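By letter and in written order, the chains are A, B and C; residue numbering begins at 1 in each of them.
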């Protein structure tokens, strides 16, 4: 079975800085893949390249059999790539439901449809009761869920999550983990960038570790955390998981 | 059209350009400090010109002498405008962009209305000032003395600004507040004081320009409007936030204006500047030297 | 939740219909020509400001150069009529289409510009338009165009004996502008405009092609503004560059929306109803020496509203539930 997402030989240079070198990864349909690595590893850059924020200096990105390397973020969303932002970018002047309706409108132009879909998605994400609240009045964990809900409304095939679980209380993080699992049960593939290893490792099927812009190791979470290369990459980082 | 006429025009254009740079520098300073475009900048120029006129008409003080006074008065005015209006404008959370634009725009309209009401729409001019109407010959080119004086003042102001911003404590406080208004509070710098003084300084610069321009321009309530647009174009050309970009922009604008006047009928003089503005920002959306 | 929303939409429509009906009856009781004139202008500015609001309020691209479209509408109608005998009704349509096209052509380079650069570009472009028309001899240059009025005619859209037909036309125009806004507010376009205004990056990630969205808003806004300009040409039957493309028009189109509530459905109407009569009355009551008083009055209003109540006066009337504040 062909992978849903493939990056082939991605190089990303910003002036003299090489953020990603020769990165080739793939994400299979229905997987939950974790993209991890110490600070400065190039995770965010790769994430943004896949999302369409930048065009890679070199290399290509194949999504669902189509070369999307030169496509804009909006075009990629239309093809089925949804994303959240690490620093939440909700539409602060709009209500929660309106935020989600914006997402739903890429799949339907009938307002009643879009509204119904938005309600569904909000319920799915546990924000049903907050539908008519202004987005600016949500608490941080709710805003994170709104990010996810909004992206889900676009009916993505691949959902890119950018540090969605970072900085949450343990209870909030657990709720978040459950939401991600729920998302996968609907058939959506998930690629998530994360820092909080303890929470992410039990969640993902596969982990890809980046370091210094390159792919260091990939494989099952339990194998990856024991890999000596990974441990030494994280040495000094307080998130290192003990073997 | 001889080579002489062309050089003459360009030289005049350069002189005017330096004055435009002086006007624009105040605008750029304020913007660089707090990300607010002062849409009443033209009206600041207007009242400086009127102040100079009245000091001349009622007290027979030549603009050369009253210029520093007018600059000082505008300094106070600028600080007051910040404290009474702009300080509140920047707190807006909803429609922030609109608030910043229209709060100073509203002020501009009020100032124009007040000028029309108190001074009438009549055109005024300063006759028989020390420098008015005189020209001097420099290397065979005839330069109008008031504009020459204005250009020299602009250069002096530049140099002073440079030292002020880079060598004095307050100048450094200004730069620091520009970088991070939140952090400076932690080191005991009162953000409001810095902003008020920044506005004062920006206004003083345009006040200085106004005092000199009053020597050779007609003074009327709407005079600010046309120069304001030139100022915005100049600042945008140089890149918002760069005070020295404003001066470079001024020189460019002065030259373009002079060149346009050579080719097109006088009523279309400004088209050249507008065209250059549009061309520059379409190619470099942040202006020539801008970083914001 | 859906029914509450649908109810609100219907209620807005009913209120608009009631206001329109009441307004339609007013001229039957108010015969004073001077007052009728103010009413016509109020309706015209309500329509213009509502159109401006589509691009600058909903989509957040603040334009201070809309006088360009107003002038293009006026000139298209006037030129087509005086030079080619084309009836103003067609001229109006032509003016609208030309303005929409110009808006999109200008949008192409302009929408790349950020905030202040964009606003200044709009001012600069309108000024350039003004200068060009002032020097275009075929279009009358600075002397402008005189539209010959030879008696009343609906076909030629000119009336000498009464202002009523102009009043009703302006009322219809204001209703159309309001209705277009009402309709677009609950549509894909409306939602995407608000998303673009609020956070363009987030909007893009949700599939919104930000550029196309802005273009659409610009086209609709320019089209309606131009129709207002065409109307004005027929109303005053004489136009020149300064009187239809001057910066004061750009301001006067924006201010009612700012006062009433930028980006809201009722803001521009509310703002126009307050601002225009106030402006006209201050100008005439204070007599000749009152030059500039209208400026002082509305300038002060604008400063106060921007500082104290940026969401506009519309917020005072809780016509919308607080949670759905825009």
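One rule holds for everything that comes next: a contact is a pair of C-beta atoms (placed from the backbone, for glycine too) under 8 Å apart; a residue touches a chain by one contact, two chains touch by 3 or more.
Note that this is a predicted model, so its numbers are computed, not measured.
The chain with its CA mean position farthest from that of chain A is B. Central chain (C-alpha centroid nearest the global protein C-alpha centroid): C.
Taking the mean of the C-alpha atoms as each chain's centre, chain B and chain C sit 32 Å apart. Chain A and chain B, compared by their mean Cα positions, are separated by 49 Å. A straight line joining the Cα centres of chain A and chain C is 43 Å long. Each of residues 93 in chain A touches at least two other chains.
The multi-chain contact residues of chain B, meaning those touching 2 or more other chains, are 94. Residues 51, 72-74, 77-78, 82-83, 85, 89-95, 97-98, 101-103, 105-106, 109, 111-112, 114-116, 119, 131-134, 150-151, 153-154 of chain A are the ones touching chain C in the complex.
For chain C in complex with chain B, the residues that touch the partner chain are 60, 62, 109, 112-117, 119-121, 123-125, 127-128, 131-132, 134-135, 142, 247, 251, 254, 258, 262-263, 289-307, 310-311. Within the complex formed with chain C, the chain B residues making contact are 31, 37, 85, 88-89, 92, 94-95, 97-99, 101-103, 105-117, 120-121, 221, 225, 229, 232-233, 236, 240, 265, 267-268, 270-271, 274-275, 277-278, 281-282, 285-287. Per the touch definition, chain C reaches chain A in the complex via residues 1-2, 5, 186-188, 191-192, 194-195, 197-199, 201-210, 321, 323-326.
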